[in-house]
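Input: structures, listed below.
You will see subunit A twice below: alongside subunit B first, and alongside subunit C after that.
Now for the complex of A and B:
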């Protein structure tokens, strides 16, 4: 391989993209292996379904965007908090309290006219999510409580609280879930249902996907272009130096956790206001969309624009997975395959190091050995 | 005379640098052999190879004329090679004795046989004049005592080749003298010593021969007795350097910075780490806080710059009380701070150079509008500073700071802090770990600022620096200012006595 190609391959952006791609391919291959073990005869058909299922018709493609919407937002939530050095594992709790706030407004506040209704529902969801992010943020900033621990607790508090609140306020006791929201609270379709449909059967896609993408772009601008983003990244990369530079790290951590929470809450609202008939079920299960945000953020390598694509990709696998059931695969197998791929996506960073060192090796021996100035003997430091 | 250790034609490459380029080092039995070089000259790499921590790309190591392969420090130990690291490798809450036998414990049926070990340690400490209390905990004893424990560790393992990695950096002048005696004693008992340093005085004092490295290359091995310090320095740097600073006399102006009865308590022990410190800095003078590392200098500076809150006392800048002001208020109010640990506090290493250069000013109207950063303005400013302060880096303003050399990282911090035009510049060990060329540069910058009428509070551990650069010396010992001295009338010996706490003067 000639030098210029190698240099190209070892550059930052390419390494990011190639490593995500590698993670995906290896994940898919391991997935195929599992299919071969569980049902050798149908393995290839099933694999085809998961690979191309999202493209089989316009309805499935619409479903991809529908499933992508909430996990893009939880992915942004995790990725954004990570920029400030915080691991927001509480997206699940923020997601569900946001969902409840939206559903509550959707069911009860019917006095709001038209577009204002769903708009207010989204805002209330973001506020609820922000509150759920604010608490771990305050605990971290002022009492140095590990965000992971407080977030996990907030997840359970959020889940059980929502169960109680749903049962007491907007309960549909026949179905053991929340009532349907008013039609004015449903996110508009903006004609997407006419494009993404198979015959008479429209997909559940709606304007939520646009909101998710716009959220991604806004987060990108905040992180890359603003003073706050500068402070946020400084806090994440070197808390001591940011303190030295007079950055108010308490404020930065709290605000970033609030924004992260608001994003997750918005994700919850967009899912339950999608008009797909989905309601909050009273179950003792943490919202999986929150946890799916973590691999989405990893696969997107923290880049808000990357997260948008990562979310769409994971949703694509989910839709493909449904199609696998046509070939007699039980849903559990489908979930294992998706989990494996997502699991490998977490290795994206590992692959990144590998790609960079591998292609840079001949050129200037970029090995993992630390340079002399950082030698463990440290004689010169 | 036979060589006990020979490192022949050693070459070691790292990404982008050749750390050792065909270096040959021969250690005679029973000599003190100094290894001299600037930072990044490859001294540490060479010793790491000898100690088995790196493998050379080319070249061989011979012991008593036979080629040996050293794969890890255990191999080195087996060959009788021991090392006192610059940062001691001791277990803080173990006793001296436990630390010495750690890893080579003698046992009977799985039980430690401490009595034998104790007898042997006492015998060794007697023979080499290394006084230690075998039952004291490491955390309770002084740095020089800890160093003796490290030396005893090597002797206990019957090492014959002893490597000392910059052993004097943490010691007072008196302790250094004692260490020199110990080293001579070790050699007279038949040990051979490799002594890594960049201090010429020490080489002249103890070493028999000296090998000089520059930029990874071996410049030569000389008999110390036959060369002058100036010649050694020229071999090391490759040009003549003059560290005697040219400084015109200047009458200091009005007081710009006052500290009154400042006290900082240690959060864990409740002890006063900074004890009732009062001082002032006037315009156009360099006030130096001299002291051995760990006597409260760091905490004092943290309190002055707002990184920690003092428990008692007042701080005034230009007459305004800033005791309770935030870090940002102090920064804007006229304090520049060159921090002690440049990588931990001074820089966001994963930011590029331009971002680091505006780390204290990104929020000013010049660099942001309505909360959005003006990148073109930031890069323009960065290029100006890079030009003005001669900061060298691979890709200019867009270089990731982590990849820059220590000297240039420090220049970046100095550029940022000086260019903000602070009334008071607090510089903490600004030359630590830098080579002679960079040190010269930093002295010139500090003196230029002084001549412009700024106040400078310099915290330093280097005696030469204290004596040459400052206009007034305050000696700090165990958190207290124990003396105020005039560098023109004080001797290094006297300064050393104050720093070691064995003498006290009138408190300013």
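Now for the complex of A and C:
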């Protein structure tokens, strides 16, 4: 084989993409299998709905972007913390406190004029999320508390706290949920609802998708083009070496968890200010958008630009799952497919090694790069 | 006095599942594998157990059907946990990621199967398992009221599992080897212990106990199963850490968490607490906040198994 093709196939980006693709294909095959077992006659129609449901009309395509917005941000949150070697499973808590801050500002601070209103709501949501990320960050940096565990605790504390706060401040007792936000607090549509619609029914897409994409680009710049990004990656790849090189690892961990929290909080704000009629329900259930950020971050291989596409992909599957109900299938198939994709993307290292050993035999083995510990657990002891 | 009886009886409904699941987590982590999939395994165990009860209730008397359901829940728990073991032991994958995958898979699977075979996602069952009063023991003055009235056999099963766990972990050769694999797998390997096998066993035990825990959480607290165990798997993880990976400390932690849950759900019936007028969410938050505080104080010299969460690679130094 031509040497340049070999080099192309063995490059990091291609290997990452191929291993994600492999996980996706396995996930979809498992989904097909489940459909075949439960109803063989409709299985192919149902599977077609998952694969192509997002493209059936412009409204569905708009819904894809609407569902993608919050999970791109929680995905960025998980992916960014992972660069610093921390597994941010607390995106759910950060998401919901951010959502509450945004809804509170949206309902109560009506003295703010026009665009300033939703702008301030977004900023407050980011601050609330940052605070929720700050606590596990401090506990990790100064007390060596395992981030996975403290984040799980913060998820529940956040959920119950938001329930108390909603009930006592912006409560709609008839519907057992938060009140509607003022119209000035709703994110502008920027004409998107005129493009993405089916006949008279517009989709819920709004400028939030642009904010999510911009956030992804900013995170990309921070990670790849700044000194802080370099320190962050150094901390994630080898905490001891980075300490030896003079990097303040405490500061890096705390700031990275704050940024991760702010991203999740922003995601919460963009979902609940989308003007789609969604309000914070007072239920003892953790926000699923936070957990959906994990597969998005994994599929995007931690690369912010990859995460944008991964978020759109997962949202696309979700919309396909809704369409599948036409054929009497239960939409939970989508979640099963995503779970299988996560499971196999945990094998990413293996896929990459496989690709390398087949295509990179004569390449210099020294160019191998591989994170020491992707999760936080390995580095804790 | 009746209030105290009531509180303790209620507390058992919450504490025993936490105890059983946390003990399961202990076996997995002591062998060196982090298991955050406990939540998902609980859901699957509860799902198959309740489905079995739903289908066979009426054909068999109460207690035998419960025991059979417990066995089924344990078996499905083991099957699910083996996927986690395969990812984290053979494939050397990130254990948190494969655990997350199982936590996501479990409720979706339970809802999907329930809706496909019954068209609704709730699976109802008749609670015919409560024991009004255990013969003879229920008449003991103080203890009878606390532990032997309005009880389930699962309460006694929980205590039995606790004692067996302690014996197995500290008094048998197997327990010593399991702990060695979690502390220093290379050293264990060098004296001929099969680290992979021990870790598989550790994870399988955690799967069995988490499956049982899911079932015995749903039975006293509900009359239908709705594809959720309300975060008890994560709470059990907190109990495990709060209990510093030690069986009897785990028992105390489970009682503390169970008491807080009981107060959160029944505080309006307790005169002293209802006078304070604190929202019940505060009681619900306390276990989590307490865990964070305890973690902050203990994590510097944590009792966590040293090799926990690190895949064992024979070739590494």
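Some notes on this structure:
Operating definition for what follows: the second predicted complex is superposed on the first by the 333 of 381 C-alpha atoms of A that agree within 3 Å, B and C clash if a C-alpha of one lies under 4 Å from a C-alpha of the other, contacts with A are read in each partner's own complex, and residues count from 1 in each chain.
Please note the rule applied: contacts are C-beta pairs under 8 Å (C-beta built on N, C-alpha and C of every residue); 3 or more make two chains touch, one makes a residue touch a chain.
All figures in this text were calculated on a predicted structure; none of them were measured in a lab.
Using the contact criterion defined above for the overlaid structures, shared-chain residue A:52 touches neither subunit B nor subunit C, since it reaches no partner. When subunit B and subunit C are set side by side, the one touching more residues of subunit A is C. By the touch criterion defined above, A:284 lies against subunit C but remains apart from subunit B after alignment on the C-alpha atoms of chain A. Within the superposed three-chain model, A:148 lies in touch with subunit C and out of touch with subunit B [touch as defined at top].
In the superposition on chain A, contact is made by A:335 with subunit C only, not with subunit B. Where the contact sets of subunit A with subunit B and with subunit C meet, they give residues 375-378, 380-381. Contacts from subunit A toward subunit C in the complex involve residues 34, 38-39, 87, 89, 135, 139, 143-146, 148-150, 152-157, 160-161, 163-164, 167-168, 284, 286, 291, 294-295, 298, 330, 332-333, 335-336, 338-340, 342-343, 345-347, 349-350, 374-378, 380-381. Considering their complex, residues 225-230, 233-234, 237-238, 240-248, 364-367, 369, 371-373, 375-381 of subunit A touch subunit B.
Interface of subunit B with subunit A (complex): residues 13-17, 19, 39-40, 42-45, 47-48, 51, 53-54, 85-87, 165-166, 196, 305-307, 326-332, 337, 339, 344-351, 355, 359-360, 362-363, 368, 371-373, 405-406, 433.
If you check the complex, the residues on subunit C that touch subunit A are 34, 36, 83, 87, 91-98, 100-105, 107-109, 111-112, 115-116, 230-231, 234, 237-238, 241, 279, 281-282, 284-285, 288-289, 291-292, 295-297, 299-300, 302, 304, 306-310.
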